[in-house]
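Across the two complexes that follow, chain A remains constant while its partner is chain B and subsequently chain C.
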Partner chain A sequence: MSETGRHEDVPEETLPGERETAHEGAVATAENPFADPGLPPHEHRAQDIDDRAARRSERTVALLFVVSMIATVAFIASYVAIPIEQNVYIWPLGHISALNFALGLTLGAALFCIGAGAVHWARTLMSDEEVADERHPIEAAPEVKAKVMADFAQGAKESQVGRRKLIRNTMFGALALVPLSGVVLLRDLGPLPGNKLRTTNWKKGVRLVNQSTNLPLRPEDIAVGSLTFAKPEGLEEDDEEFAEKIAKDALMLVRIQPQNIKDKHELSWSHEGIVAYSKICTHVGCPISLYEQQTHHVLCPCHQSTFDLSDGGRVIFGPAGHALPQLHITEKDGFLEAASGFEEPVGPSFWERG
Partner chain B sequence: MSTGGAYAAFAPADKAQADDTAQSLAIKEGKKLFAVGCASCHGTGGQGTSDGPSLVGVGAAAVDFQVGTGRMPAQQPGAQVPRKKNIYTNAQIDQLAAYVASLGAGPTVPDKEQYSPDGANIGKGGELFRTNCAQCHNFTGKGGALTDGKYAPTLEGVDPKHIYEAMETGPQNMPSFGDGSLSKQNKKDIIAYLGAVNGDESESPGGLDLGGLGPVSEGLFGYIFGLGALIAVAIWVAARTTKAKKS
Partner chain C sequence: MSNETSATTTRRGQAPRGERIADWADGRLGIYSLAKSNMRKIFPDHWSFMLGEVALYSFIIIILTGVYLTLFFHPSMAEVTYHGSYVPMQGIRMTQAFESTLNISFDVRGGLLIRQIHHWAALVFLAAMMVHMMRVFFTGAFRKPREVNWLFGFLLLVLGMFTGFTGYSLPDDLLSGTGVRFIEGVILAMPLVGSYLQFFIFGGEFPGHDIIPRFFTVHVLLLPGIMLGLLVAHLILVFYHKHTQFPGAGKTNNNVVGMPLLPVYMAKAGGFFFLVFGVISVIAAVASINPVWAIGPYRPDQVSTGAQPDWYMGFAEGLVRVMPGWEWNFWGHTLNFGVLIPILIFPLVLVAIAVYPFIESWVKGDKREHHILDRPRNVPTRTGFGVAWLVAYFVMLIGGGNDLWATHFHLSINSITWFVRIAFFVGPVLAFIATKRICLGLQRRDKDKVLHGRESGIIKRLPHGEFIEVHEPLDQEQLHLLTQHEQPAPLELGPEVDENGVERKLSRSQKLRAKLSKAYYGEDNVIPKATAEEYKEITSGHGHH
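Let's look at the complex of A and B:
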């Protein structure tokens, strides 16, 4: 190794007799401290002066291209030969699809070998002579500039745009109005939300249906320390707008010993200790249900907002700005149902929420 | 003590007369094991102390889960009691469970038929898992963090019986999912789903699953190793080639 990088030993008789010196270089002096030193002396690669090394490089490049060809053939062969459901165990990937693995490996090899061959070709065989190419000035020549200005003035005169004011003014009018059509199309961004942000499908008398079993919930289904997810009766998973509606209606039900409920209002809205809270975080609307049954805390996985379900859904940590909305529930004919809708908008805050 | 004592005195007495002698023998043996391994925290009658909750009514399933996964007896107090090597034999766990079950009615240890994947709907199980479990245990049951040092443990390598019992009893801070919340068939489906995505033989057709933690870890891997490899190749392409020199 030297200060100019890695060197490869070659027999002396194949080296050029005289090393080229730096060309067009100048040495910095007191009068001209920023003199251009020019390019460093060119150094030859082994392949430039040793034909055997050059042939070795040629064979390497050709070998890479041949490997690429074989890999492409192997890609087609594996596509034809390997059944799609076959699995293999490959360390450290685990049990994976044999077809995916073979296709990925062969196509990867085919593309990589083309690239590697091209790079090796460029680095060892293509010319590596440094060439200096001066930049052209960006500014056009003065006579070109003068011609352009003259052409413009003549065009303006011949079009009579200064004289025929009617044409000029109507043209400006037309050009000013045409973008309005684009502005009007912005209306297609959708109808305004109306009261959708404030209302859900919960209203007085709607039964709570277990989201997992699809059966109406009875108070005895909900044990102390359990967690159950509920949807409003009548909302089915194959409804066209199910995803849109459950995004607001999702409810989590937990049962807390009534003496452990700290908030009096929460207690009055519960049924025998069963409390129903919106499952949608009041920060940015992630579904939250990381419920810890001993602390009654609910954690949002997105930004770690934490709510206390034994204290009116109060925010005890994190960026959420509002307590979790509680649904007033009651029992009728042995089933749980809503005693009213949500009294405040569920989910994240919005401008006009108040 | 008085409540636990009353339970210990009356409840098993009724049971012992109705059951065969093998059962009452198991309760007796279990009581001895309980006195040695559990009573210091849960009280001599399982009534609970300031160091451990009452075990009246937790049922045999809770004992089988807690002792079978090595969580109980707990080594030390902390945010959460971790899973560790189980020190009891199956017969001893059954005896302990019989004793605790005799303190008050609770969930029983499930039968093999209840948690075997036969007759389960794996697709429905995935849906149920994502609705009820994935918020804490992650999409394929790899676990995740909770508050104040608590965490939802990974479900990898957990006996299906213990998963069933955990759903039924709600150990530590996990809420329980009784039959009113998740039906027996729901639980079976969930266990079959976990077996399909998180078992020793579960398949990952796309290749390396990077822990199955979701898009954040996959993106991070792509940025660090994918971009890192591209930068390394770019440096190699532009590097100075080997020069000839006199030998």
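Let's look at the complex of A and C:
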């Protein structure tokens, strides 16, 4: 121990785990009052000494197995007899599918009773005497290790891998390159992004169509205090790429008293106090759907990012990193239409967004 | 083959049929050698050893029910108009994935039950793995030689989370589609490669037509395949290492005390599978889960309120929800820290618990095998760390459900978010300190019990009027249990200068190691257990009370 000072590293024998402790493998002696008394004597259960108790256990186990059989028969009967569309009222669950309820309960009972029977059998009738097994160290004995090392050295020598460096290096090279084929094959998983993350279907002159009525929106359709959802004209539900398009184009409109619009730029892009914003949250792309009419705040129900629609769609709470993009709208022939496309990408941020 | 048959025919009547089959198998598979060491293998008994079994059995249940579901499920994003038997959805456009999920629920008899068993079993599976991991952690069962098995188990937990996520995304309902959109946002947030990865993974723009079929392959083949392999390896190692046991009379580091596999554990463990399956079936009968018909098909411009992932993803969800929306724009690029940081913290928190065994064994310099479990109180630093980790986890779980906390308890979502932000950092520290103190208190109580016996509840009045409580001495088993643990001295670095007066160089890692070692074994972190001398002095001296 006094040698410790000379070494830069601490020798292993001073480490706590390496020190022997007094109780390792202790035997009961008068010297040590805390010595291991050894396994306690086995205590007999009622079933071990009383044959009537044992037979009672036997009957219980058999009864459980019989109940299981009955439950399986009931399962099959329910499957055949109960129509799939039938609902029943079951307190306190309410109106639920009768078939699901019957099948689940009978299957559950059939399985549970097998389990309960087996466990009861094990606990009451099978021997419950605890026995000790020896453990052997996991690591091999030194001579085994020596044999393995010698075998390995011989194998390595016979392969000449250490001597013939050219073979070894070219083999490593080949093995390192060959997975590249697999990586290359992944290229056709999808197209390149191109400018698809930056563009939507909004452009100058595209009318705003009410999402729920499928009719072009007039300014008077937008009531104070309500949130209206819109899509670009010409985008229909049964279009080939409807989902991809609406995932970018979805719009929400609110009417705010022009004097309450705090952001000048927002005011200039509005029409009679009607402002149009992208519905797609700039955090991770959930559609925003909750509107607080007094404050003109909208909230994304996924992660609670909150935006102020009276102040340029600014983030006022939550994890979103930037304001909601606004769409410049105007009126033509009594209908609302886009005065231009979105000037910035909608939806969540990405590396090239800038 | 024909020779074999004739050979057995001649022996008919000599050996029973079962034995002849076993002989046949042994000649080809060597089953007798395998059975010799395993058939009567001893397993110790403790309720907490069943937690891993629950995980194992729910995994089997998931595979059985999952295979059934694949017979009816169409992992396709082709759009159809629903004309099935669920009236409220008729005429609505949806993907085939959603339509076939409705068919499983309303047209396949028992389909709803199997779907619900599958989903419930998945929740139970993840919960059981988590609690099992905590049992292993707090009792130190991860120590040598079981570190590798700890990692296998950890990988199973992580893979289980992602298998669960890809699984509940498959029906393509409004809720799960929102989860997939979240994944799209996360992928987009990756620096440099984000938008390319997104287009490759989704096969184009979100949502595209590829993500559900691709998730399907990952969910039913790739991840379960890896998990099955890990699970088998996990179980082989459990057999090979032999099970750990709690300390007690007759239990040493060199033996394993319990009952044999055949018949007791065959019956108990086999029966337990049926118990778990039965209970989950009953749950599926009475408690509806993921009622996609009430949620509706996914549309990127629609969402439901109270959107929540399954519970095991709630921790990651919490990190994402409470993160401030930091975003950097520079040189035409965007770094979305609001998404990136939570997505990095999420694996880091998980890895912290995964690497813990290696850190502990380095600090302790312990290279011995450990088969006797620790009582958590005897290792206050580890127990404190584990509780701190759990507190961080549950604080984030609160964050993941901040909207539900707000609506159910009429709280402001802002205050919940701020509470979670602060508690994520402060909570674990407080939990660590409190846990450690409780552990030390329990150690003191153990020492007290050893030296003075247990409180009997009998109050005695002495002749001079003093009241005392009679303490009963502990029996040998109890004395052994309360004193069997090791209390090594902390690592010492030795004097700062060597015998020649020259300053010794100590690497920073050695200094850290010594400091951490003090945190485990230092004076303030351990209550010296009762010694035989102390015990003898008290018990043999004046009349004890």
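Definition applied: the second predicted complex is superposed on the first by the 273 of 354 C-alpha atoms of A that agree within 3 Å, B and C clash if a C-alpha of one lies under 4 Å from a C-alpha of the other, contacts with A are read in each partner's own complex, and residues count from 1 in each chain.
FYI, contacts are C-beta pairs under 8 Å (C-beta built on N, C-alpha and C of every residue); 3 or more make two chains touch, one makes a residue touch a chain.
In this text, all values refer to a predicted model and were calculated from it rather than measured experimentally.
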{"item": "Which of chain B and chain C A:S268 touches, first, second, both or neither", "value": "neither"}
{"item": "Chain B versus chain C as contact partner of A:V315, first or second or both or neither", "value": "second"}
{"item": "Partner chain(s) touched by A:L217 [first = chain B, second = chain C, both, neither]", "value": "first"}
{"item": "Which superposed partner A:P301 touches (first chain B, second chain C, both, neither)", "value": "both"}
{"item": "Which of chain B and chain C A:H283 touches, first, second, both or neither", "value": "second"}
{"item": "First, second, both or neither for A:N100, with chain B first and chain C second", "value": "both"}
{"item": "Chain B versus chain C as contact partner of A:Q259, first or second or both or neither", "value": "neither"}
{"item": "Set intersection of chain A contacts, chain C complex versus chain B complex", "value": "4-6, 8-10, 12, 15, 93, 96-97, 100-101, 104, 119, 123, 128, 211, 229, 287, 289-290, 301, 304, 317"}
{"item": "Footprint of chain C on chain A - complex, ascending", "value": "4-6, 8-10, 12, 14-19, 21, 23-25, 28, 31-40, 79, 84-85, 93, 96-97, 99-105, 107-119, 121-123, 126-135, 137-139, 186, 189-193, 196-197, 211, 229, 231, 237-238, 241, 243-244, 246-248, 250, 279-280, 283-287, 289-290, 301-305, 315, 317-322, 347-354"}
{"item": "Touching residues on chain A, where the partner in the complex is chain B", "value": "2, 4-12, 15, 43-46, 48-50, 87, 92-97, 100-101, 104, 119, 123-124, 128, 210-213, 217-218, 220-223, 225-229, 254, 287-295, 297, 299, 301, 304, 306, 317"}
{"item": "Residues on chain B engaged by chain A in the complex (per definition of touch)", "value": "128, 131-132, 135-136, 144, 146-147, 150, 152, 170, 172-183, 186, 201-209, 236-237, 240-247"}
